[in-house]
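My questions all concern the structure below.
Letters A, B and C mark the chains in the order given here, with residues in each chain numbered from 1 onward.
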Amino acid sequence: METKTISSLFGRVRLARPLVHHITNFVTVNDCANVTLCAGASPVMAEAPEEVAEMAGMADALVLNIGTLSADQVEAMLLAGRAANDFGRPVVLDPVGAGATRFRTETVVRLLEALEIAVLKGNAGEIGTLAGVGAEVRGVDSVGVTGDPGEICCALAERLGCVVAMSGAVDVVSDGGRIAYIENGHPLMGRVSGTGCMASSVTGAFSAVSDDRFEGTVAALALFGIAGERAGLKAKGPASFRFKLMDALASLEPEDLAREARIRLA
Amino acid sequence: METKTISSLFGRVRLARPLVHHITNFVTVNDCANVTLCAGASPVMAEAPEEVAEMAGMADALVLNIGTLSADQVEAMLLAGRAANDFGRPVVLDPVGAGATRFRTETVVRLLEALEIAVLKGNAGEIGTLAGVGAEVRGVDSVGVTGDPGEICCALAERLGCVVAMSGAVDVVSDGGRIAYIENGHPLMGRVSGTGCMASSVTGAFSAVSDDRFEGTVAALALFGIAGERAGLKAKGPASFRFKLMDALASLEPEDLAREARIRLA
Amino acid sequence: METKTISSLFGRVRLARPLVHHITNFVTVNDCANVTLCAGASPVMAEAPEEVAEMAGMADALVLNIGTLSADQVEAMLLAGRAANDFGRPVVLDPVGAGATRFRTETVVRLLEALEIAVLKGNAGEIGTLAGVGAEVRGVDSVGVTGDPGEICCALAERLGCVVAMSGAVDVVSDGGRIAYIENGHPLMGRVSGTGCMASSVTGAFSAVSDDRFEGTVAALALFGIAGERAGLKAKGPASFRFKLMDALASLEPEDLAREARIRLA
């Protein structure tokens, strides 16, 4: 994948300002909104059954995040997801806490069966759980996964017919054929609530402008990782890191992404 | 309107610390709470049908914001709004996303019919939609409005019998007779999620201490804009702008408002 | 109580990284998550009836906070609380706004009757209301309480058979026998939304590793107060205070807690 490709995708986000509809958790929802804006896109949150399909039809991408799921919210995700599918809009699914409780794992399976998901993006424990390999999730934290991350993502992507991304110190992305390893990032990202959710929002923005969702996901995660690296240089702790990450994201330009991305393809 | 009037209203907010009851969206609710505190008032959020009228009766003002509305929340808004009306407390309505979906537009119409609204405050697309002029809203963003903002606000204020405020690079406020243009503000306000919601919270605080709601709304928006200007001088991006705006708001004094407000009356 | 004890408890939090399950309000939930991480523990928020007991069983402590309670959420609290009780996990209850509305006061009474609460932690008005002494709460703010805080906490703790903590300029903690006064803290803590909620989250983390919940609560509140003192040295207002408080909390070490804690025992 050429660096020209990923910087050009970022340029398209900034130009098109895609509207990214979120149905997400109430813990990190504000961070998702602000990160979407900092990336150059426009966020909207809506989940009432009266309007959720209409909003999904107006939006350029849909991000589903089950961080604080409820039965009603899952119904809203299905309504919005079907509308997004009907309109050909990409749907990004963040399976927060899959593997921790039955309700979360079963909900993700249900969403994957009912909807055409463009990108499934979770941590190692969540992706490992869905891949059916040895994996452990405690609350919403990954405890670990057994096996090679690249192979797990590739096999799951092939089975599901979508892009699969596993976040971690090195992010892994696969579409069932190609595998990319993104080495950008900073340890403080693991010490702030919601960096995974924020990365999914950025992925939603990029998926809206990408014909090739594998490239879009790789570009989004590299960009978010670079913002983290820049923030990490000056942060005095997790909370100053968080606002510096957002400021860095807003200040990054397509040529920065081309220059600073550290992506290995396998 | 004399600068003495608006600075004196700010002094009253600081002295009386009005309790501002919010029924608002879950995206920017924390910012609304903190901005209310920074302005010098006291926030409370409550929307359970079991308590919402009791809380509204205890509060000095009520702010209704439909940013993530649900059918249950609309019922809570009606219960709280009627209680606030019965006790003679001002109700501020922020019609977030009116014009984007039918549910939002119809809910605002319903609230305007059922309740006595003191101040209706939205962006150009939302106010234009409610005024019935050409207007477009995408998600929760204004795409644009056709016509003169002052005339639109004035005509809508006259028809509804309340104060109407349209936020933008220049904020416009009218009570159907007077029209004020508030030139305070900073471009970064448009790059942070929820600055519109925060401005509505400050408007709620001022409406609690204002006999003349037109003056209260003008004072609130000038104050919020000045806080934005001060924050903009030192911010390194949208996220540092956000906390600096809150710090600036907390540090402003009535005499600062009198000196720095840029208000034109028409 | 020896300073060695409280610093050793903090060391245990950092080592064990207890999972702290929250059912809390949607205003300050993000702050609770991030403060839990900064203290060294791991937060999870879950309240769907389908999973709440399973999550509580997996967690090391449960924090219940009624800041924006609903009937459904109260049922979730009962389900989670019973599971936590069955598994011997401590439950911390923050009775936000008890005394302001009947629904809040009655809900707290119901939770105290149905569940074994380890620590009840509120402001003076809330604790005074539950103690049945003269107390006033306006929204979620304490207006005041009649009587001696130490005696009120001690009598209530004895009656309820749990630890009672009353936050304020000086925090008071009692288990019905011992009374501790914690003098750490900073005036800006009262000007940020949710510092009380955050202190309850830290208390949850400490209660998970403390055999003696009185000691755990005292240690948690001293730690949080010290973080506030450090943040207060450099903050330029309430919003920069908030992120500096989190950064300070993350940077504190057990020996700092031992050295800077100002605890008086009565």
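FYI, contacts are C-beta pairs under 8 Å (C-beta built on N, C-alpha and C of every residue); 3 or more make two chains touch, one makes a residue touch a chain.
Owing to the predicted nature of the structure, the values given are computational and were not obtained by experimental measurement.
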Angle, in degrees to the nearest 5, of the Cα rotation that carries chain A onto chain B: 120
Chain copies touching (chain B, chain C) - same or different residues, decided at half shared: different
Chain B and chain C, separation of their C-alpha mean positions in angstrom: 33
Residue numbers of chain A (touch at least two other chains): 26, 30, 242-243
Complex contacts: residues of chain A adjacent to chain C: 25-28, 30-31, 67-71, 97, 100-104, 138-141, 191-194, 236-240, 242-243
Interface residues, chain C side, partner chain A - complex: 19, 21, 26, 29-30, 33-34, 37-38, 42-48, 50-51, 54-55, 58-59, 242-248, 250-251
